[in-house]
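When the chains are written out, they are named A, B, C, D and E in that same order, and each has its own residue count from 1.
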């Protein structure tokens, strides 16, 4: 469990708001800008190093999507921020990757923070990556912590001829959000599969490891809910608030993503309740097994203690013990012992002990 | 437990919104359109293969109910959608059977998603089927995953002369929703019966199986609540919102279904609380039984250990043990042992151990 | 536990709304109409069989209270409904006694559903009876499932001269509701007494039966809360909504009943929390008793096992065991055993085992 | 636990609203009226028996505070009520001391119900006393169940010259409420002290009595919360609602009391959560102690059972047991036994059993 | 656990509102006023004893920040209050350090109460210090209980040239609140680290001390939540309410602190849920270990009890026991015993006991 519950941002405390210090784990790869610039008829796709080169795109009539992989390079983010005249708080939030999902409205653009989630099959943990979106008029900027994302579907549709709807930048932003939320379902499927496997294991052959796994998934669920819950309000506001940057038609689509988010949250709650119920089941099964063990012990003790006592009596060395001299003494005692065992077994049978 | 907690929709992730890929289990039976077309005096009932044939009905003055069994055939749904000029998101939602119940308003029609629930007596599980309703002016379309539904009562009333009220399409939609919600009560009766049986079993003769059944029903309750809960808001909006498609008179009826839904949710909560209380009872009973077992063991051990020790003492082989030579030694020891047993029994009696 | 958690209404599912099928347990006694008709100076009290005979009362200037015992006779309810021009949904709800408490406003009258609750001292269960109230101008109709109610106080006041306030029908309706809610306090007193007795039993002498009783009362609390909870909203709306049928002065009284209902709900919650706390106490006490039992066992075993072992050693039959021939061997071993016992007792004393 | 969870009011059920029957425990002391009548310059303080004597005060320009100790004397309350023209429901509520805290607005006066709470050091229980306040223009009436209250500070300030602010009756009412709420803090301090003592006891030396005390305080917390919770809404309305009886300046002070109430409720919740956490700790500690006991038992049994068996083997009386005749047989067996013990101890050491 | 759950304010109860009695622990250091007075070009920094000396600052055009360490000196606070014409309730609240965080609006200034929190590494406890802020036009006063705070970053920025934004007093107040809230993250990091260490300990090597630590952190979480929760509403109102003292631009910054507070609360909830889950894990592990111990005991008893019994049988002293005289009797019995042991081991193997 190497991932931290609380991401360190100690070095930032006390600094002036707007100070650009990267909070989070940085990628070694060099930050690049992936730029899609298109209108109805043309599409230009390029990779740039210098944000300055984006300037002509911002003033043109075409729609631009600038995707930045790696938000840990302070100078690049800073020059990008100056170019676009972003508020200092926005630039601070982009670099500090320990943000809650949120929506903020500024003059001329919206700032949206999302969490991209990935299920790591090996460690069975959820990996979180922060995605910042800036939606302007005819401009969408997406900023990720690391290369690798869930936007390949969007790229494909842009490259193909079917990009008519994307001519509105708000629809492009919607498509990116939709891709992120849709990926939550994949994550939940993975988690659901793992939890159902665990449930089977729990019912058929529970081990102490089962318990640790239940705890592990409860922990992941806590983190998952923390990452998705604020999205609900974010999307509700986005599809309802009166901002000229989002058209009426796109609101319809955003309402759809909102429904998906509610669905995701419902499923998270259901899985959490199921995990709680599984823990109850584990505890009860453990108690049952204990009962079984105790019954076995009691059975054994109750049968052999009286027998050993009887044998002990006739092992005493008194000089005057008439039974010892009887010819049928030994078989008699053995018979008596058998009778005692039968009696006890009958007694236990009646009390449904086995 | 073959039913999945999270329905797979992996193949859809990343696709453009509105892409028609069926998500869910498909039926083998061929999709058919069951069409009721009627006015005050006439009723036509027919089964069609080709949605195109519905076209004349849509333009006529009569009211039409088109019922589609099997939403997994993408081409049919697509041609139906084009015919009715449905929004791409609606068509996507019809085919993706992992939807939350919801209500969406579009130009000229309402789109409603419901869940039909069936209690499977054999597996004791709840089977879920998605029902999509489209309510237009003089038109209701119902789309189900599989043949077999709860609408026979509605069909009967249409066929009989008593269809005056159905001349308003919104009342027809109400009647369908009402049939679905009414069936929830049947489901709850079945579940309630099973749970009361389980409660009897729990009080009279609990087994480890009882525990697994409690867990099973808690799980079903989680899924049931997830399916019914959103209905509450849906019906509240439907009976309150200002849409010209629903008349004031029908709102009165919808308020009634709303009350039923609240009642269903109340009952679900009550059953859940009861199951939790039953689990507590099970755990406490298990703890009681353990106590009984432990008392038995302790009783036996406490009585026979001292006795065996006494017998052991007189089984020692010391040359000088005066008691061994006494004539009344043996009966004396037996008497002493009896006294010890009586004393211990008295002691346990006083501490209410049996 | 013969009472059902979910009242069967299976036979009704799928029928047209407004179909009159009685849902609930019917009384054998014949349904009668008890009619009070009065103004400032006169009071007529009569028992009728035929609803038609009420007709003159409805058109007169006097105030009428018609009380119907037994709502299971469909024809009578139907003819009464036709006489008063009730909405089909109202008539359906009167006969279906598995309703949530609710308030519905129709043209010219209010329809109110309440639950009368009775504590059955023998079975320690709460018996529920549905009460439907119809409040018109100068008319109150109360419909109960069975004879026997809590309205004798109201009847007395009508018969005495103090009926001035009752000349407003809404005050009469209030008086009936108030009688029902006041009776909840009696019920809670009974339940509170039983639960406090149980608490005493739990602290002084808990048995497995105590546990079953805690579960029983938790169950009753679930049903009680389900019956009372909706009343809160009902009375809030009744004392707030703008309906000409309820005067400003009566609203003041209804607000008072509303306060009582909140008080009832508070008490239910408190009793539920207390029951949960009692269950915790029971479980902990059981765990304590188990600890006691285990300590006793361990004490006995720890003392007698070493002793028995020592005796066993000197019961061995080796030819060369010098101790056996010693003259003080036997008393020496006895002394050694006593020392061992003392040492162990001292050890246990130090660890506060007794 | 002599105090009842549900206060009996059975004798009142079914009576007409406004019937004056005292509900609660009555004090033996005779009811008296303590009257403070004052303006800027003069203060009259007197004790009266007859409410009629208050009449001149009500019409004068001075401010009056009438404090009544003992609300169980129906005739006195009735004559007071008639004098002040109180609504029948108010008079009923004054005498029925099982009220929730509430605020009611009538023509010309406000009616406020509060709970005065006292921690009884001997029984460790919270004693509840109902306080009714009537706030008119230039008049405050406070009605208590029993002599003895928390208003001595207010009396002192009235008698001293610092009564300028009290010339507004609403400020006087505020001062009384403030005294009641301030006393809650004293109560919470007492409870907090007791609970922290209990926590120390729990960690250092838990006994079954500890458990009963935790249950006892959970119970008191339930009753405390029930008494304080409604105050929150009451004060919120009092400091917000538009009533001419409360001035803007006094609202500021009431907002302050409101904040104190929220603080009290926060602390109650925190103490409740702490008690729950303490119960968990108790259960876990009990489970730990059980583990210790079981380990001791198992240790003893595992060591002495094999030894006793070995001794038993050489206690057998077979004629041909060569070991018995060996010269080193006896010391050899003793050595072997020592080896067994050492092996077992090593084994337990490795598994960290002690 | 020396810190009190409920801070004593007993000596204050019953006093007139506005009476200045210090509630809390006082510092021994003498109270001083640290004054920053600045405009765009100049900054004066001085330490004063006498509040009177601040008077010229209040009337000048410069912005002033007066920081008071030690709120327990009643005379100083009183003279400061008179100088600034503070409401008596404000002065009371400043001295009573047992306040909930709150925001109050008065004529010409805002009064804000916050909690500064510090994690004490030695005792692993959270130390609380009350911070009162008064925001006027061109004036911020901060009052702390003790010297030492989290404002060094703010002081640095004031002293450096970058104080342009601070020329609005509301931004200065924001900077102080931001420093306090940012420090919560450091606190949460410390707590998160401790809890993750505890989690590791719990999984690898749980001891009874682990349990006490879980309880300890649950307790700290209760206190932490109590201190932070009200901040949420406070900041929401501060960034939304219409007060001329806070500019539109600063509201943007306050919204950012509000988001941070929500984030802090989310993390507190997540840590609490994790602690609950850890307790469950501990209990289950304890139950598992108990099972292990019991299995060992039962195994030993089940194997050695029958063996000891057999040895006991051949230790009996009957004269006629033919087996005793057999030549192969002794080895035969040993062989039989070995067979019994093998049989039992096989039986346990099959039931997966080891």
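Following the convention adopted for this analysis, a residue touches a chain if its C-beta (ideal position, glycine included) is under 8 Å from a C-beta of that chain, and two chains touch if they have at least 3 such contacts.
The shown structure was predicted, so the numbers you read here are calculated from the model rather than taken from an experiment.
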Margin query: Need the graph distance between chain C and chain E over the touch network, please.
Written below: 2
Margin query: Since chain B and chain C are copies of the same chain sequence, what is the angle of the rotation superposing the Cα atoms of one on the other, rounded to the nearest 5°?
Written below: 70
Item checked: Copies chain D and chain E touch via same or different residues, half shared test -> different
Margin query: Centroid from C-alpha atoms only, then distance chain C to chain D, rounded to Å. What do you get?
Written below: 26
Item checked: Inter-chain centre distance, chain B versus chain D - centres from mean C-alpha coordinates, in Å -> 42
Check: Which chain B residues reach two or more other chains?
Finding: 283, 287, 290, 294, 297, 301, 305, 308, 312, 315-317, 321
Item checked: Residue ranges of chain D in contact with chain C within the complex -> 1, 4-6, 8-10, 12-17, 87, 89, 98-100, 102, 104, 208, 211-212, 215, 218-219, 222-223, 226, 229-230, 279, 282-283, 286-287, 289-290, 293-294, 296-297, 300-301, 304-305, 307-308, 311-312, 314-317, 321, 323-327, 329-330, 333-334
Next item on the list: Could you please specify the touching residues of chain C with respect to chain D in the complex?
Entry: 150, 152-154, 157, 162, 175, 178-179, 182-183, 185-186, 188-189, 191-193, 195-196, 199-200, 203, 252-253, 255-256, 259, 262-263, 266-267, 270-271, 273-274, 277-278, 280-281, 283-285, 287-288, 290-291, 294-295, 297-298, 301-302, 305-306, 308-309, 312-313, 315-321
